[in-house]
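Common to both upcoming complexes is chain A, partnered first by chain B, then by chain C.
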Partner chain A sequence: MFTYYLRLAVTSMRRTPVLTGLMVLAVAMGIGASMTALTVLRAMAQNPYSHKNEVLRVPQLDSWNPESAYDEEGNPPDQFTYRDARALLDAGKADYQSAQYRTGLSIQPEQDSLLPFNASIRVAGSDFFQMFEPAFRYGNPWTRADDARKARVVVLSAELNDKLFGGENSVGRDVQMGDERYRIVGVLEPWLPMPRVYDLQEPFEEAEDAFIPFETAVDKEMGAHGNNNCWRSPEKPGYAGQLESECIWMQFWVGFDDVASVAAYRQFLDDYVRDQKALGRFERPLNNRLSTIDEWMTRKEVVQRDSRTQVWIAFGFLIVCIVNTVGLLLAKFLGRSGEVGVRRALGASRRQVFAQFLIESGMVGVAGGVLGLLLTGLMLAGMRALQDESYGHLTRIDTEMVGITLIVAIGATLLAGLIPTWRACQIAPALQLKSQ
Partner chain B sequence: MLHLKPIFSALLRNRIAAGVIAVQIALTLAIVVNCAYLVVERVSDMARPSGYDEDNMLTIRVTAMDPTRTDIRAETQADLAVLRAMPGVVGATATNALPLGRGGWAWSLSNSLEKAGSGRDEDSEGAAIYMVDEMGIDATGIELSRGRFFRAEEVVDLTQSGDASPSTIVISDALATALFGDEDPIGKPVWLNSEPGRAPPIVVGTAKRLQAPWTSWQNTEQAAMVPYRFLYPHRTYLIRTEPGQREAVMGQVEKVLADRDSQRIISGLRSYAEIRERGYREQRAMAWILTATMISLSLVTALGIVGMASFWVTQRIKQIGTRRALGARRFDVRRYFQVENGLISVGGILIGMALAWGLNVWLVSALALPKLPLAYLPIAALAVFVLGQLSVLGPARRASLVSPAVATRTV
Partner chain C sequence: MLEMKQLNKVYRTHLIETHALRDFSLSVREGEFVAVTGPSGSGKTTFLNIAGLLEEFSGGEYWLDGVDTRGLNDDGRSRLRNEKIGFIFQGFNLLPDLNLFDNVDVPLRYRGLPAAQRRERIESALARVGLGARQKHYPAELSGGQQQRVAIARALAGQPRLLLADEPTGNLDSMMARGVMDLLEEINDQGTTIIMVTHDPELAARAQRNVHIIDGQVSEVERGPQLGRREAATDPNAAAA
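Right after this comes the complex of A and B.
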């Protein structure tokens, strides 16, 4: 019976191509808009490290102004002072720990064909690679020993290695960055954690061009190319003053092999702040945090308000499209009262009429869903054109989204078909036959 | 004379269909009103002037390759000299940040030493800080509303390890109002919150407008210029040209700087129009997305009305023919459908206005969006009403063309 109803539906749709077209188009537009908004929202909200959510943690210490909280909600600062990062690194109480910031260096390629250029640099500890697990194409991360001796070593991104060495294995070679040569110890595979969890100050930027040890960067007095926030100016000028200051300018991450260690680390942080209080720092109430990645993403408001607004408005649009389909299906089905009358008179049960019309609604849904998928692709391309390049990574549609799209489209039109179908079932056969 | 009663009772016989259209109109109104408000808000944000003479300005970045072995002061002065000597250039200066430029520095300023020392946020005003030399006014074209700009002798060096304090400051009118209310700010000191011990700079002038680098910052009109020679290894040159000379200067400037010294990285050549484009990218994207949504939504609803009205016309061909045979004019038939749509629209609009308000209240509480001004409701209601009337025009015309002879036929 199902295939017979399918054939009936196709015949019926062909008979009223304009009305059918209108319905399919409306469903497609509603689906396109809502799936576009949803794709972006999902991409923003996803946690690429969900498998390590509990064991990768962001500590926050309230080193801020005694008179005013860091923000209106009373949260502790979202970055670290060098002093506290130094102390936590030296204590080494977590299984992995890394202080990080973003900087830039000029690279002077050996080839004459390449002009010197600026490269973005992530300054981090060797543990960074254990925690965030970028895949290596060649070589390995530098070691904790390299950290300790402030080694001039570098890990290149795949892109930078392609640019400088044509993608060859460059491990063991040197690259001139700033005023010094750095030994290449590793080259990454293309790496794109989205959002860029390890530095949510700029969540949708791409990963940096190269990575160098934190200790090396501090030794070379490299400043941060990111947010540097001071509630009190440094007491001394220059880099030394910056290191001793209460300015926050670096990110700090800790990692654990076992989630059971988290509680002990929490205790360690509280003890550390109490010790510092005795030294006259941390005058604010004890307000330490040790957030999981999910908590941290929520706190940093990774999902932008505009994107949430877009999702709500797009789903409102979808509802209008569904209501629109209800109206058009109603018109269409009631226009076929005569046909229903005949079928009913010939012995079709209400249930059979119901199935027939519901299948026709579902067909509109399938067509609308497929067209909606195409529209989603187009709209995402439009979004890419309107936003920064890095935003492009948020507008990729995956197979899961394709499935969701089709299910939503068919579900929505079946829902839209319910009232018109029910009305069609109410048609009394005798009355219709009489008026013929 | 509209003969509402028979139309109304006819509608009651088509309750579900009429109700569906009314609900659709109501939802459309509710969504369009809220979108329109968000779009208008963004478009008016984007229309704000930055205070710089953007049409005639460009910027370029210079990065020293080996900062420790470079005399940045000499290099900067030499660069500025060749830039200022270029034909068509009105002024050039080195700076740390740009209005609309997305990245920059901010200071917390207070109008008294006591407040600066209190450490409380509410005692201070945030201000974006631009470091420029005495050519800053020529290089940016800012318009002073009071006082004067910096004198050459007031400009001090700011290096990465430096510790010099500026003796003077030029603040935007918005910042002046925030700090001093209606009082004349000229000659008044402003204290830096983070270091109240430092000698405060004295306000020597106010700029009519000077925006911060952050376009979505709530205090984006609060900014100040301080007289610093900005001597960082990584710095931006601001260049202002005579009207119409910008393209010519843009074509030359990279070469001019490279000719003077090629051993550094020269990058980021941009007209101010590009900086504005980037500065408002998110707002523009949102405005476009919402506008596209409003248009598509109106289109879907219009098509829905057309579809439903066409169905009714088809269904009632015999009745229309009978009415025509009994003496109704074409105009009467047309009016019937227009009035019918009008009735449905009014119903939909009434529900829609309530819904729009409710939706906004919810958006305000859930997403912290701004509150909808009531004036938007009647305007949108009118627009939706017109949309309905226009949509029904075609079907109504078709109805009016039904021949009276139809009455004599059996389907």
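Right after this comes the complex of A and C.
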């Protein structure tokens, strides 16, 4: 009977193209608006490292001004001083650890056809690659030994390798960055962790063009191209003063092979701060954190309240569209009282009439869902055109969202069809047959 | 085939109570052709709707082909209606979006017959009413008489034991009406029980028995002049007002 009902639904929809078009459009507009908002929210809120949520951690130490907290909520600073990052790296208490920051270098290509250009550089420890798992197209990460000896080595992004070497395997070759040549040890596959968890100062930026060792960058006195906050001025001038200061300018991540090690590390952090207190630093109360990725994303408000509000508004609009569809379906179904009467007289039970009309509602939902997907695509394309480039990654619809869109569209329309369908199957056949 | 005993049907609103049928008793035997006549508002259509299981009754008994219809739920009533009863309406009540084949197919779909069996029955029914070559036509492309023939084919395709006809010639000219009546008689000759509501005394005279309803009660039962034409199973004493 299902295929029979489907055929009847198509016939009915073709008989009243304007009414059908209005219903499909109403569903599609509601779906388009809500799915656009939901796509952006999901992209913002997803944790691309959910499988490592418990074992990848962000330490926070409250090295801030004894007179006032870092923020109104009393949280510890969300970045590290070099001194503390250095100390934690040297202690090596975590299975994996990386102090990191973003900087930039000018690249001088060997080809005459390319002019020198500035590239964004992620400064990190070799463990960064174990922790955040970018896939390598060629080569490997540099080693901890490379870190220790401040080697001039680099891992290129796929895009930079394409630009400089036409996508060839460039491992072993050199690239001139700033005033030195760096040996290429690895080339990544295209990589777009979204949000960019490892640096939530700018969560929706693309990954950097290249990665170089932390020790190398410090040796080369490379500054950070990111936030640099100080609660008191550095006592010495220059890069050495920056390293010794209480300014926070780098991120610090730790990773563990198993979650059981987390408690010991938490204890280590507390012990470290107590030791520092004895040396006259960390005058604020003990306020350490060792956040999971989810906690860190919440703390950094990756999903802003406005984005959630937009989703609520969009779903409110969907409800309005669905209410309109209820009205249109009601008008359409009650206009077919005669047909219901005939079908009932010829042996259709109320359940069979209910199924027939509900499937017709579902068909409107399918059509509305497909059109809604197209509208979602258009709206997201519009957002990409209007917004900052960095938001482009948020406005891509994936297969999961396509599935969700269709399910929401069909579900919402079936829900919308319930009342009209119920009314249709309550029609008294005898009355309709006489009035035909 | 059909047995109604002391049947009552009351329509209630918050202001008035209307007795459409009052202690209505009627028995129709298998193979009979019964005409039901009566003035407007006498209860003819209510009787037909209850006979066709389209309306429930307020009290009494209704047995259809040995089945007590009291206490049947909607599914049970629908199944019984689909299997035992064919309808022919004054207004034909064909579905305008469906071609003749699909119109005749409707009751068979609800019976859940396999496709090949449905096709065979549809083609046979349309051929029987002389429209075998017009399966793909739509109702709007046919004359009134032809539409009523399609409605008859639709009723016949289900091979019903009981055919209920409500003013089947009411919308037709006399020529077409005669054709439809000839067809109904032919169907009755082949054993299908027919109950026909009509205002037309000429048509009523072609039935084996006339049941006259006034004020929701059977007031008079007459043998029709056609009774002698064939051996009827009518028992004039079976019906009682």
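The criterion applied here is as follows: the second predicted complex is superposed on the first by the 428 of 436 C-alpha atoms of A that agree within 3 Å, B and C clash if a C-alpha of one lies under 4 Å from a C-alpha of the other, contacts with A are read in each partner's own complex, and residues count from 1 in each chain.
The rule is short, and it goes like this: a contact is a pair of C-beta atoms (placed from the backbone, for glycine too) under 8 Å apart; a residue touches a chain by one contact, two chains touch by 3 or more.
Bear in mind that the values here come from a model prediction, so they are computed numbers and not experimental data.
With both structures placed on the common chain, the touch criterion links A:222 to neither chain B nor chain C. With both structures placed on the common chain, the touch criterion links A:88 to neither chain B nor chain C. By the touch criterion stated above, A:118 is placed in contact with chain B alone, chain C being left untouched.
In the superposition on chain A, A:238 contacts chain B only, with no contact to chain C. In the superposed model, A:386 lies in contact with chain B only, and not with chain C. By the document's definition of touching, of the two partners only chain C reaches A:12; chain B does not. Of the two partner chains placed around the shared chain by superposition, chain C is the only one that A:345 touches, whereas chain B remains out of contact.
In the superposition on chain A, the residues of chain A contacted by chain B and by chain C overlap at 436. The touching residues of chain C, counted against chain A in their complex, run 45, 49, 52, 54-55, 74-75, 78-79, 81-83, 87, 89, 91-95, 97-98, 106-107, 109-112, 154, 158, 166. Residues 1, 4, 11-12, 15, 338-339, 341-352, 428-430, 433-434, 436 of chain A are the ones touching chain C in the complex. Only residues 19, 22, 25-26, 29-30, 33, 65-68, 104, 106, 108, 115-118, 178-179, 223, 230-233, 237-239, 304-306, 308-310, 312-314, 316-317, 319-321, 323-324, 326-328, 330-332, 334-335, 382-383, 386-388, 419, 423, 435-436 of chain A touch chain B when the two sit together in their complex. On the chain B side of its complex with chain A, the touching residues are 16-17, 20-21, 23-24, 27-28, 30-31, 34-35, 38, 63-69, 118-121, 160-163, 192, 194-195, 198, 234, 264-265, 267, 281-282, 284-286, 288-290, 292-293, 296-297, 299-301, 303-304, 306-308, 310-312, 314-315, 359, 363, 367-369, 411.
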